[in-house]
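See structure below.
We call the chains A, B, C and D, going by the order they appear; numbering starts again at 1 in every chain.
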C-alpha cells in the first residue's frame, strides 16, 4: 500500500500558501476539518479563496478564518448564521460567490471525475444563469456548469487507514467525499486512523487514491448549531 | 387571521401520498412531518445527506454527526441511509423525490419563486433551494399570505431575485390553498376556516382566479 | 418506511413488455441479476433493447436471452467471449451499440442524477465521436455525451432491506448502483433480504429511493469466467 | 526474436515509480504486477471496481464476486477498496491513476492507438480502453513489435479503427523500448538483448528516430 500518514495538521498543511484556493468539507459545523482550520489560522496565511458549503459561525469553523481576515473570497451555497461574514461581505472586504448546493456538489465531483462541464436545470432563469450557456433537454432549459477544483482539499472523516481510505459517519459525510476527489492535493483528518486491512474494503466511502495526506486529529469539539430535542414521553 | 403555522403544516400534510419521498424545507415545512395522515407511508429526505429522517432525538441520543438541512439534530429511522451531497442532489435533480415543500418570500402568478436574497440587506444564499425548485415535479410553497408589513407575497411578478421560474404548483398560506395554473394565475381552491373570499382577495396582489362554485373551507 | 418487497422475479418482472429498454447490472458474469434474466426468458418477450456492460457468455447471463433471440439491440462496452452474439451481430440479426465503459457508467449515473449531458474526453477522434459535439477544455478536446435511461433497470445486490436499500459485495458492485439510479422502474434482486433497520445506514450503497421492487433471489450459480489460481506455495 | 512476454513485462515494471496508482490491461500488462522493483510501492486499479488488487487467489479463496477487468479471479490486498464503475472511471478520467499499461494492435508515430476492432471480423468492443487512453497522462503500450503475419505494428498511421489519438507516450515490445515524440516519430531508446538496430528498423514501418549515441540494451 502507498503510505499517506503525516503526524498532524501542521505537517499536513505546511505548504499551503497565501492566495491559494482551498476546499473544505462539511455542512454547517457537521463534518468540518477542525484541526486543519486551526492549522490554517496558525499559518497566518491570507488572501485565501475558500470553497465550502457554509462559512461557519462567528468564531468557529471557517468563521475562525474570517475573524482573522484570512479569506479573500468565499464560494458557498449558504452563508447565514455568521455576523462577521455579513459585515465583511456588506463592507466589500470579502468577495462572495454563491452557488446552488447541488451544483456545488456536482462541480466538485466533476473536477475529481475528469468531467469538465455538465448541464443542470438548477438556477435557470435566476442570476446564477447569467452568462451561462442554456440548452433545452426534455423540454426544459438547463445551464452549463463547469468543474470546480482547488489547490488543496481538506476533508474530515470518521475513520481512515494509512493508505488514505476514508469512512464518514452519518450526515458528516456531505461534501467531504466530493472535495476529496477534487483537490490537487487532498488532506484528510480522521477521528481514528488505522492500518491498512482494518477497514472493510466494501465499506470505503473515499478510496485512498484521492487522498495524499492523512492524520488522526485530536480534541474534536463537534459543536452543534441547532440542538433540537424531542421532549415527548 | 386564518391558520397558524401548525395549521398550514397540517393542511400540507393532507397532500402527502403513500409511497412518496418528500423534501421539507426549513421553517413551516419542517412541521409537516408531525402530521402525516394515518395509513400513509412517506420518507423524508434531507439534502445534507439522509433518507429516512426521523424526529428530533431524546437528549441522550443527540449526535453532532446527525443533523438535517436546517442544522438541527435529528434521528434516523430504521431503514434510513446516509449519502454524500452529490448523491443527495442526484435524488433531487433526477426526480426521485416526489414532493418538495418550501417557504418563500414571494411567489408570482406564473409560479416563479423568490426566497434567497434581499439585495443590500439579506444574502444568506440559496442553499439547495435552486436545485430543489428547478427539479421537483411537485412543489408546494408553505408561507404566510402577507409579509410582516402586511404586503401580499402573491404577486404578478416577483420583485426579489428569483430562486426558480415556473415551478410552484401549489401554495398553502394562513388564508388559503391556491393552485398556480399552467397559464398563470392563482386559482383559489380552499379558504382557511372563517376566512372570507374578500379577505383573500385583498391579501393577493397577483391575478386571483375564483371559479363559479363554492370555495370550501380547509379541513385541518 | 416505504415497502418494496415482491415475492420473486416473476412478480417483479411481470409488466416488462416486448420492445422495452432494459438495463442490467453486472460486469462479465459478476453481479448479474440471474433470477430476473431467467424471468425474462420465461416471459417469452422479445425485441428488447438491453443496456449492459457485457452480453454474457453462450447460454448464461444475457447470452441466455440472446440464444432465445429476445434481444433486438445491445448497448454495451465489451461483447467478446460469446459466439452466438458474434453470429447474430455479423448476420445483422442483432443491432449493437458499443460505448466506452466509463461513458456507459457515467451516462447511467447522469440519467439517475438529472444531468442530461456532460463532456468527456473518452472516444474523441474515434468513431465514437462521430456526430457528437466537440469542445476543448484545459486544452484537450472533449465530446458531449447524453444521459442513458431505461424502462426498467434490473440490478443484483448482496444484501437489501424491504425499504429498497442495497449493499453490494466486492467487484459485483460495478454498474449495479448506477443502473439502479437510471431506471424508470428499478428491480433489485438480493442474496439476502432483511427488515429495515438491519443494515447499517452508513454502509448503504444504493439508497432505497432508487428501488421500486425488491426480492430475495434463489439458486445463484455465480459462474466464473476465468478461474485463475495462485499455485505458489 | 528478442524478449518473450515476461521480458516485456519485466522491462515495463522498471518504469514504475513509488506511490503510483497503475491500471494494467489484459494480456502482457497483467504480468507487470509480478515484477515490481524492490522498494517501490504501487497500487493496482482494475476498472471493474477495485483499488489494491492482489495476486490470483489460492483455490480455497476463489470468490466469484472478486474479479479483475479481465474477468479473472483475484484477491484484494489489505487497504483495498471496492467501488462502482462511475467511481472507477472518475479515478481514470480525473487523472488519479498515474500509469496505464495496455496492449495494442497498432500504434502510429503520432501516438494514436488501435486495439478494439477489426471491421467485419472482430468486434469485441473497447471496454474501458477509450476512457483509459483519453485520460491517462502516462500510457505505455506493451505488445509484440509485429503481428502474427510478421507485419509491423508501429505504423505511420493506424489502419484499424482508433481507440484514441495522440496518447501513447512509450512502447515496449519484444524488440525495443521506444518513446513516441510529441512531434511524431518513434524514438529508439533501448534494444532488446541481442537485437540489432537493423532488426528493429526492418520491423518498424512508421518513422523510426535513432539518436547519435549508442542505443543501450535493455536490462531485464
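What we mean here is this: contacts are C-beta pairs under 8 Å (C-beta built on N, C-alpha and C of every residue); 3 or more make two chains touch, one makes a residue touch a chain.
Worth saying up front: this structure is predicted, and the values here are computed from it rather than measured.
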{"item": "Touching both chain A and chain D (chains)", "value": "C"}
{"item": "Result of counting contacting C-beta pairs for C-D and B-C, higher pair", "value": "C-D"}
{"item": "Computed distance of Cα centres, chain C from chain B, in Å", "value": "36"}
{"item": "Separation of chain C from chain D, taking each centre as the mean of its C-alpha atoms, in whole Å", "value": "28"}
{"item": "Distance from chain C to chain A - Cα centre to Cα centre, in angstrom", "value": "33"}
{"item": "Approximate Å spacing (C-alpha centroids) for the pair chain B, chain D", "value": "56"}
{"item": "Residues of chain C engaged with two or more neighbouring chains", "value": "106, 109, 113-115, 120-121, 168-170, 202"}
{"item": "Residues of chain D touching at least two other chains", "value": "50, 76, 82-83, 86, 89, 92-93, 135"}
{"item": "Chain pairs in mutual contact under the definition given at the outset", "value": "A-B, A-C, A-D, B-C, C-D"}
{"item": "Touch list for chain B against partner chain A, complex", "value": "46-50, 55-59, 62-76, 82-86, 88-89, 92-93, 112, 120, 123-131, 134-135, 161-166"}
{"item": "Chain A-facing residues of chain D, complex", "value": "18-19, 21, 41-43, 45, 50-52, 76-83, 86-87, 89-97, 135"}
{"item": "Of all residues in chain C, those that touch chain D in their complex", "value": "27-31, 53, 76-81, 86, 89-90, 96, 98, 100-106, 108-109, 120-128, 158, 168-178, 205, 222-230"}
{"item": "Footprint of chain C on chain A - complex, ascending", "value": "106, 110, 113-121, 135, 137-138, 142, 146, 167-170, 202-203"}
{"item": "Partner chain B, residues of chain C touching it in the complex", "value": "1-3, 109, 111-115, 161-163, 165, 181, 195-197, 201-202, 204, 207-210"}
